[in-house]
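Scroll down for the structure; my scribbles are underneath it.
Chain lettering (A, B, C and D) follows the sequence in which the chains are written, and residue indices restart at 1 in each chain.
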Amino acid sequence: MIDVRTYLFTVTYVAILVNIVISLYGVFVRPNVIKKIIALSIFGDSIYVYSILIGFRKAEPYPVIPIMTTWQPSSEYISQFASTAVDPVPPALVLTGVVIGLAVMLFLVFLALQTYRLFGTLDIRKIVRMRG
Amino acid sequence: MMIVEYLTFFIPFYLIGIIMYVVRALKGPTIPDTVLSIDCLGYALAALLVIFSVYLQSPLIIACAIVLTLWIYALDVYMSKYLEKKELGE
Amino acid sequence: MSPIDFVLTVIGYILIGIGAFCQIVAGMGMNRFPNFFVRLHAATIAAIGGSFVPIIGCSLLALSFEELGDVRFFLAGGGFVAAVFLLILAPVGSHLLAKAAYFSKAAVLQPKVVDALEEDIRKGEVHE
Amino acid sequence: MSELYELIPYLVLSITALVSTISVYLAIIEKDLIKAVLYSAIQSTFYALIFYLLMVPDIVLVYIPVSVGLLPAILIIAVKKTEKYEDVTGISKTTSTIILTLVVIFTLISGYLLLLSHAITFAIFPSTDVRTLARWFLNTTLWWNRMFSAMSPESVTAIVWDYRGLDTYFETSVMYLAIIGALALARYIEIPKKVFKEEAMGMSIIGKMATRIMVPMILIVAVSIALHGHLTPGGGFQGGVTAAVTVSLLIFIFSVYFAARFFKINTAILLRIIGLTGIILAATITLIIGFLTGQQAYIFQNQPKVIAQIGLPYEIGGNLISGTLLIFNTSEFLAVVMGFAILFLLLSIPEENVMEVIRGEVE
């Protein structure tokens, strides 16, 4: 007998997978460079959600954030905390990933602007034909 | 636990409101309609975040609501600058 | 529960209830009003009635919620800061958007009864 | 009632994910690029709610500014400067179907593998336990034994800057390389020298007044997020991207000439270098002390270890400062906000000035 919570969580999981599919389709098929950048950013975001979903856990009644609320924890508090807090490793990885992803997107936008200034279009098919 | 039970009753109303804003944002015939609905959506979401902070009994996650409020305003500013005829820097 | 806590809790309940009502009303208005400038009314209800009021209510509720421990003051303070930001920024954002939408003619003014601003611009009393 | 209590967060999670799928679909098939940007902003707000319900406030704090604020801003600037509509005539149906099929197969396989890799114990997803590594981090983040602990209640910041500090250092340098790349693309282009006029430039007077009131408050919130990064959710990255909103507001609401009073590009580069120097200094401070006193020390050492007894104090006068974490957060805040200030200033230069420079180069 599957818990309703597990069912709802699986729905979330599958929805994020569908997002990944749609955004990859956008990256490969749509011709405009800006549209490709939008699709790429959605793809990256979905991957981040995915990593965080893997670090999630089930706890009663609900898991807590991986941050202690007291500065002098007793050993009971620590064991209670460690048995209900979510995994702190994926957030630490995603945290740097988000900022770097933004910087890379900014660099791509700069490249796209430069391309537009030099070629006068952002349609990737026309740009390829000009150089081919 | 009285407080939490009370909130359990009211969270669905906020969800229905958010879904209505999303419908308008995705349907919105013109660009200003979409931006306005994203506005309402963001502010409603900020309220929902504060409610969830009490509901899940994790007080430290409140800072997210402040940041969301700020950035929804920034999105407004960008879009109205886009709609104006002036160059973006001026 | 001390009397002051009781009062805070009741006020918090009422404010959150008002917020839920305003969300529904604003959502309906958002979907049923005919054009952008009329929808601005619904947006006002959504921002102030639907978001500012329940955030204040939640902060008051958190102040009286003793199971949270000392950290509840952090929650209440953060909630008040968010509410003040929202109170100042939401109307300004709507104003900027409405002005830009009117002057750039991006929004359609379809069921139009009267447009006083247009007449004033034609007379030369107001300019962009 | 208690069942409903446990159910509601999961319910909101699944509804949010489904709505975000709809907006992603519309964002990809939309021909009007500005609407696509707005739809992706809707998707970002919902992802923020997902992150929130998955109990990772650090990510929410950095994700909302990045994906709701900065990225749409950059894309809106790019769309305004280039084409507004996408030309989709001539995409062949068969090619797109083949690509879609391949993508679906690839994603299903990788998703299934990831699910397997999570369920080591073959428990139902999500399991009630976390991995051993995570349990170790959670147990030792604030412990009685300083030898094994980071002495910070915030385990995410502890992992970012203490347990896995070297990782973060190199990941951060990728970001600064991207900024350097953008600077290199905009090589001789400078902000034109014009005097800021209150009436003629920028947006309406109401917007200007509200921004004048709000900018100091935003800065205070950003600084408090950054400086309390080792106690509450937040840190250098989060505070930096929150403070970047002030730069963008100054540029958009007043004008780039008003913002250039406070941030010249060269000053911003200088401040960014100071921030980076602070990071390097915090990383090697124990090494320097060890070199001077003739003891053993590591890079990225925060608290004393078994064979390296040097360590920074974790509290001063009863206030928890967690050793190097405070220095790291402060320097990172400075570096991130100045990096984004540079990028915004470069993006807001009028197109005529840029075209002049490029025409000069081509000839």
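By definition in this document, a contact is a pair of C-beta atoms (placed from the backbone, for glycine too) under 8 Å apart; a residue touches a chain by one contact, two chains touch by 3 or more.
Computed from a prediction, not measured in an experiment: that's the story for all the values here.
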Central subunit by CA centre of mass proxy: D
Of B-C and A-D, whichever chain pair has more C-beta contact pairs: A-D
Chain centre separation (subunit A, subunit D; CA means) in Å: 12
Computed distance of Cα centres, subunit C from subunit A, in Å: 30
Between subunit B and subunit D, centroid-to-centroid distance (C-alpha), Å: 20
Subunit D residues counted as touching two or more neighbouring chains: 5, 9, 55, 57, 77, 79, 81, 203, 207, 221, 232-233, 347
Shared-contact residues (touching 2 or more other chains) in subunit C: 71, 74, 81, 85, 89, 92, 96, 99
Contacts with 2+ other chains: residues of subunit B: 19, 31, 35, 56, 58-61, 63, 66, 70, 72, 77, 79-81, 84
Residue ranges of subunit A touching subunit D (in the complex, touch as defined): 2-6, 8-13, 15-26, 28-32, 34-35, 37-39, 41-42, 45, 48-50, 52-71, 73, 78-79, 81-82, 85-92, 94-107, 109-114, 116-118, 121-123, 125
Touching residues on subunit B, where the partner in the complex is subunit D: 4-5, 8, 11, 15, 19, 22, 25-26, 31, 34-35, 38, 41-42, 45, 48-49, 52, 55-56, 58, 60-61, 63-64, 66-68, 70-72, 74-75, 77-82, 84, 87-90
Contacting residues of subunit A [partner subunit B, same complex]: 62, 64-65, 67, 69
Subunit A contact footprint on subunit D (complex, rising order): 2, 5-7, 9-11, 13-14, 16-18, 20-21, 24-25, 27-28, 33, 36-37, 40, 43-44, 47, 50-51, 54-59, 62-63, 66-67, 70-71, 74-75, 77-79, 81-83, 86-88, 90-91, 95-96, 99-100, 103-104, 106-108, 111, 114-115, 117-118, 124-131, 133-135, 137-139, 141-143, 153-156, 159-160, 164, 167-168, 171-172, 174-176, 178-179, 181-182, 185-186, 232-233, 235, 237, 241, 320, 336, 339, 343, 346-347, 354-355, 358
Footprint of subunit B on subunit D - complex, ascending: 1, 4-5, 8-9, 12, 15, 19, 22-23, 26, 34-35, 38-39, 41-42, 45, 48-49, 52-53, 55, 57, 60-61, 64-65, 68-69, 72-73, 76-77, 79-81, 201-203, 207, 218, 221, 225, 232-234, 238, 242, 245, 248-249, 251-253, 255-257, 347-351
